[in-house]
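Below you'll find the structures, each written out as structure tokens.
In the two complexes that follow, chain A is the common piece, with chain B as its partner first and chain C second.
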Partner chain A sequence: MTQRMFICRCEDVTVAEVDHAIGIGLESVEEIKRYTGLGTGPCQGKECTVALVHLLLDRGRITASAVQPFTARPPAEPVTLAELASLAELTGPAELAAPAELASPAGEAPPSGATP
Partner chain B sequence: MSPRPTLGSRGVALPAACDVAIVGGGVMGLATAYHLSQVSRLRVVVLERSYLVSGASGRNGGGVRMQWGDEGNVRIMMESIEICRGLTQELGINLWFRQGGYLFVARTEAGEARLIRNAELHRAIGAPTRLMSAEEARELVPDLEVSGIRLAAFNAEDGVVFPWPFVWGYAGQAIRRGVVVRTHTAAIAAEPDGSGMRLRLSTGEHLRAQIVVNATGAWSHDLNRSLGIALPNRPHRHEILSTEPLKPFLNPLVVDLQSGLYFSQSTRGEVVAGITVPGGHDDGTVVDQRSSLRFLAHLGANLVALMPRLGALKVLRQWAGPYDVSPDGEAIVGPTPGIPALLQVCGFTGHGFMMAPAVGRILANYIAHQQRHPMLERWDPARFAGGATLRREDMIIG
Partner chain C sequence: MIGADSLLRAREPSALAGARRLTVFYDERPIPASDADTVTSALLGVGVVATGRSLKYRRPRGPYCLQGDCGTCLVRIDGVPNHRACTTPVRDGMRVERQNRVLAGGPDPTALVDRLFASNIDHHHFMVRPKLVNRMMQDVARNLAGLGTLPDLPAAAVRPMEHRPQVLVVGAGRSGLAATARLRAAGLEVECLDRFDARWSTPTAQAVRWETPVFGIYPAEGVIAAIGGTADDRTLHTFRPSHVLIATGARDVMVPVPNNDLPGVFAARGLLGLLTRTDTALNCPTIVVGAPAVAQPLAARLGASFVAVDDVQAILGGSRVEAIATSSGKREAGCVALAARPAPVSELARQAGAEVVWMDAGFAVARDELGRCGQGPWTLWACGEACGVTADVAADDGLRVADNILAAVRSRPDRGPR
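This part shows the complex of A and B:
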């Protein structure tokens, strides 16, 4: 692999960028994902995880027996929001019922959730 | 060439003693460590039980807003956003900070009244929030389905960040300034030690510190329990998703006050969206980070109803993270009742990330120089001793 070679084609992460991450002390697949963005694009790591593991093995950062991939996130493959919206019927009518307007100024306590 | 900062590692040597031991390598602990390294010569150690960015700081939606319902919260977020403006340069890392504004939409008379009251408050304080009609909101977000929307409120200075580099940036600069950041090391118990405290670590090591800061957020219950401290903050599971990236098409982060749905487009191009699923319940003190199909379905239905064009957009991944919820919605920051050497910086109820730039500075100035920011009075951990507490804020929306 050359330094200019892409290791994650979805997020344009190069071998040089992964080497930089290794150089500042990051050692696991989870950390390198969160530092470089590797594996967060449309393939969700299906293409790049193995290439990253080989690179980490080459660099002597991990041993084959101890290597862990990053946590797989659902869905298994990309799904449109419209398809997901159609599932709302399957999860019961309560799922679609919007809660009443939250937290009236009169002082009713809002639910524990919050928006960023 | 300046020396390269290293990020925290499991291999870094710990001193036997330090001035300030910060438990929790999330944005709150690392921002505090970074500011301590700026305003003092105190010896600071940060302990993270996993890797950096593994907890709630790596799981939140990255929204930063000054549109709050209470003056103190508006002011602290004005402070935080002001810090964010220069933080990419200060930390030397791209935070993907983008001020596209927050657009709140209200569908009921009560919601409309809240937006009007907030806008008056914001005007008095100097936060540039303006009210707009549904039609004006659609000019801002052309594909919004605005039927049923009575009023909207927009603040152009609110925005979004990408949370991951935020955490790395604080860690890298803190380490560069002499802070020790040790990962994969949990504080499993703490006991009083002279005027300070002694921490027992998962590695078998011990660390003595004059001051210990519990910055573990939704996990803070565990360390507090080891000391017999009963504070009322509890974890609450919140789910979120992100989609395939698109070219920029959505400027503000949009919040529907009625459903609690929020969505934004990050600078990376993906749509990040969350909502609290009705009927969910939390199990006591245990942090639950499972994700659910119920969430995907509920979010999909609400988001497609509000912006039908997004129906064709594909979801790439979903995950969950904990809010650290306090009973009155106010953070819990300051000395622990009965144990003054243990400071809490917890209970931010889903808004810790956006407040961290300001809170890190406030807490550092408190630790190093005993400066008391006005918010420290209402965030006092001792306030729960008297029973019921006052809820000031009603812009906590789930």
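This part shows the complex of A and C:
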């Protein structure tokens, strides 16, 4: 078997591949993820993100005080499309709130549904 | 494929044989199992460590984390793909099959990929040109891509169940259980959920919805969604609580050493959890690899030897672990357990809008002095290892945050659910 050192086993991303990505100028967790596919397999970054941060810190590409993981989105656990569909039925039609609506102070009128 | 050498043995001689009264089928071959077994522990009991192949380099793969996080133990169970073998309790007569096999029996010809492409495959440029090669590549990729094939039968209907508790506790580990007990003792209506069955946790008198993982927190819709029930009777739980307490604990992550993907390489804490659950001990020479402060205590508890991560040159083996090459020579091993500091589990807190901070072992949920980490349709709280607190004081931390939730509920009784 060829000797390989893995950061992300879901997508078969090795330390050498991350170093290649660093070599072409990528340096943040998000950039490495987009380029290598790291963190996009069945585990969704649960196994690899911390190992990647340690590697980027070792290589001097990021600082510990500023580093952030990539965005966490549902589903965090395996769920079937049928189950997701029944959730959509329960919670009504997809009237997704604009992100600003959540952040707006109490009492202030939320923005209308239309995207500006 | 079924190896003769069990990786596990009973702590009490003769105990295991008597307890193994169930039978599961792995690719149609019968395997004995006990009530405490998961699919993975039953397979390790008959020496099976490799349950699949990796997507790109087509290397043999098997379970690693042993606690439902990593995603390489996925198998088809009773005609439904992508079950996590490591956390799925066995049932008598269960049919377990490997996924994504190129041929039903015999060697997998795609295993050659790993040897032919000894340097890295760069998928940005790999077989993109000329067009004919690209088309052939696409045909192969389509057959190999994805995880498993469609279920044998259409999915059963999903039963919805709505809940409006005062407090929803996510996670029934040390901190979550402690907080749940304190809040209920004070008369609050509390729902406590856990991803897995009760055998992974310390015994508790508290009512917990086991095997009911929260998969989504949707602040914009004001809903938290979890899925529970059995394979043919699924229940979709939706929660609209006034307070949410994130108690998701910590997990093992990957430790980069050469050939860290070989079947038989496990996460050390996960392996300890499996041995505790099944009341078994390791039946093969095992080496714990990590930083001394973390790995040495785990090696002692596993009954294994220890090698510092800096001394490891490579893990050696063909289709499974056989040895470790160290700076002072080769050491035989049937198992390698990788030990890193437990990383806080923060995905659900982040979905709910909480911020995280890097704390060397991982990203911990950032909270104020009371334990709050967000305000939306509910007040968001967090406790225990998810916040970077160590396991030994996690229960105390859960109690402290529970007291602060109590104070918040009592100061705003109008925010009760009913």
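By definition in this document, the second predicted complex is superposed on the first by the 86 of 116 C-alpha atoms of A that agree within 3 Å, B and C clash if a C-alpha of one lies under 4 Å from a C-alpha of the other, contacts with A are read in each partner's own complex, and residues count from 1 in each chain.
As a convention for this text, contacts are C-beta pairs under 8 Å (C-beta built on N, C-alpha and C of every residue); 3 or more make two chains touch, one makes a residue touch a chain.
Since the model is a prediction, treat every value here as computed from it, not as a measurement.
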item: Partner chain in contact with A:T40 - chain B first, chain C second, else both or neither; value: first
item: Partner chain in contact with A:E17 - chain B first, chain C second, else both or neither; value: second
item: Partner chain(s) touched by A:R4 [first = chain B, second = chain C, both, neither]; value: second
item: Which of chain B and chain C A:V50 touches, first, second, both or neither; value: second
item: Contacts of A:P74 with chain B and chain C, given as first, second, both or neither; value: both
item: Touching partner for A:S28 - first (chain B), second (chain C), both, neither; value: first
item: Partner chain in contact with A:L87 - chain B first, chain C second, else both or neither; value: both
item: Doubly contacted chain A residues - partners chain C and chain B; value: 35, 37, 41-42, 44, 73-75, 78-80, 82-83, 86-87, 90-91, 96-97, 101-102
item: Of all residues in chain A, those that touch chain B in their complex; value: 23-28, 30-31, 34-35, 37, 40-42, 44, 73-75, 78-88, 90-91, 94-105, 107, 109-116
item: Complex contact set, residues of chain A against chain C; value: 1-12, 14-17, 20, 35, 37, 41-44, 46-51, 53, 55, 64-65, 67-69, 71-80, 82-83, 86-87, 90-92, 96-97, 101-102
item: Footprint of chain A on chain C - complex, ascending; value: 54-57, 59, 61, 64-65, 69-72, 74, 82, 84, 114-115, 117-118, 120, 122-124, 147, 155, 158, 160, 162, 195, 213-221, 223, 225, 227, 234, 236, 238, 251, 253-262, 314, 317-318, 340, 343, 345-348, 350-351, 353, 356, 358, 360-363, 376
item: Chain A partner contacts - residues on chain B that touch it in the complex; value: 4-9, 51-54, 58, 60-65, 106-108, 110-111, 113-114, 117, 164, 168, 172, 236, 238, 243-245, 253, 255, 257-260, 262, 268, 274, 276-279, 282, 291, 293-294, 296-305, 310-319, 323, 325, 329, 349-351, 353-354, 391, 394-398
